[in-house]
Amino acid sequence: MNKAFEIETPTKNAWCDITRRVADVVTQCGQADGVVTVFIPHTTAGVTIQENADAPLQGDISRALERLFPWHGDYRHCEDNAAAHMKVVLMGPSVQVPFVAGEMLLGQWQAIYLCEFDGPRRRRVVVHVSP
Amino acid sequence: MNKAFEIETPTKNAWCDITRRVADVVTQCGQADGVVTVFIPHTTAGVTIQENADAPLQGDISRALERLFPWHGDYRHCEDNAAAHMKVVLMGPSVQVPFVAGEMLLGQWQAIYLCEFDGPRRRRVVVHVSP
Amino acid sequence: MNKAFEIETPTKNAWCDITRRVADVVTQCGQADGVVTVFIPHTTAGVTIQENADAPLQGDISRALERLFPWHGDYRHCEDNAAAHMKVVLMGPSVQVPFVAGEMLLGQWQAIYLCEFDGPRRRRVVVHVSP
């Protein structure tokens, strides 16, 4: 089963917790066991699974990525957002989470985040449930 | 359904658009909805999904990765291509794309690329279609 | 089919080859063809597929990641392991490998590794087999 939803990212760089939205799709599909794929159809936002317990960590990670890929670098891309593309290349556009009895097998500290690197924007999230 | 194809990468570092080849496998499988996994059975080439509209961006990304993992670093690997392995560790060996009515749900600007980091070589691409 | 196993990682940073354990799950499921998802329900250990033939390469990669994300950085995370989280963000928490006739289509040099970045710890590995 395949569903999509949209979110408005609030700032240039943002961590948007989409765990609840993904879990809702898993529930709606009515399938007991399987694996859910979360896919981001954009090239300057990615998706990751990380800790949901300490918000300052997200800023640490964002700053570390900015240090690796500075926004104002010597780039030839026709837009000014080359650094955002680079972050997505490393983070990736999808994650997969197995689920059992309708519950994703996320660890105690894990949440699913859409990571915005060139916001604010309206972003689409595709969720696919496989057996 | 599972299919594989091969491509010749042209240069040391190369971005090879394999979107059409992957889409062909999705069409051949005759399945309406599902998710396609693209898997690279190599350790010095990876796969990513990125913008297909501005070729200079690909050079920007390749140069940024070269800056993070210089080819001539202080490595102990028995070959000279440690940096290529490092890039694959971060990029990853697979991507997944959901499809509906036989069409991959790629965004407007997205294409699937095999990224060569130690070419030119003949590379194999495995494509698996799941429900 | 869904199975999980646990491993004890031996050191702060470690590469733990889990290929055999994953292959065993594929064999047990009795399914001929499909794709296996390996998912790590932790935020300071990841999973990757890399060369199994030259152990010094693993040290090269670990040192390169340490250079990008130094353990003693200027971080605001409430624990001292922010760098470990950063490495997982780039490496990712899951890999997918297609299999045919019960055999994963790994390349000649590929093995599946749980990468520990904040050990030693007991880690859980979730393996899901899809059609």
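The letters A, B and C name the chains in turn, as written, and every chain counts its residues from 1.
Everything that follows uses one rule, which is that a residue touches a chain if its C-beta (ideal position, glycine included) is under 8 Å from a C-beta of that chain, and two chains touch if they have at least 3 such contacts.
Just so it is clear, the structure is predicted and the values come from calculations on it, not from any experiment.
The copies chain A and chain B differ by a rotation of 120 degrees on their C-alpha atoms, rounded to the nearest 5. At the interface between chain A and chain C, under half of the residue numbers appear on both sides, which makes the contact a different-residue one. Between chain A and chain C, the centres computed from C-alpha atoms are 20 Å apart. Shared contact sites, meaning residues of chain C that touch two or more other chains, fall at 68, 90, 92, 96, 130-131. Residues 1-2, 4, 37, 39, 41-43, 68-69, 73, 75-79, 82, 85-86, 88-90, 92-94, 96, 124, 126, 128, 130-131 of chain A touch chain B in their complex.
Note for the complex: chain A touches chain C at residues 33-35, 48-51, 54, 56-57, 59-61, 64, 68, 90-92, 95-98, 100, 105-110, 130-131.
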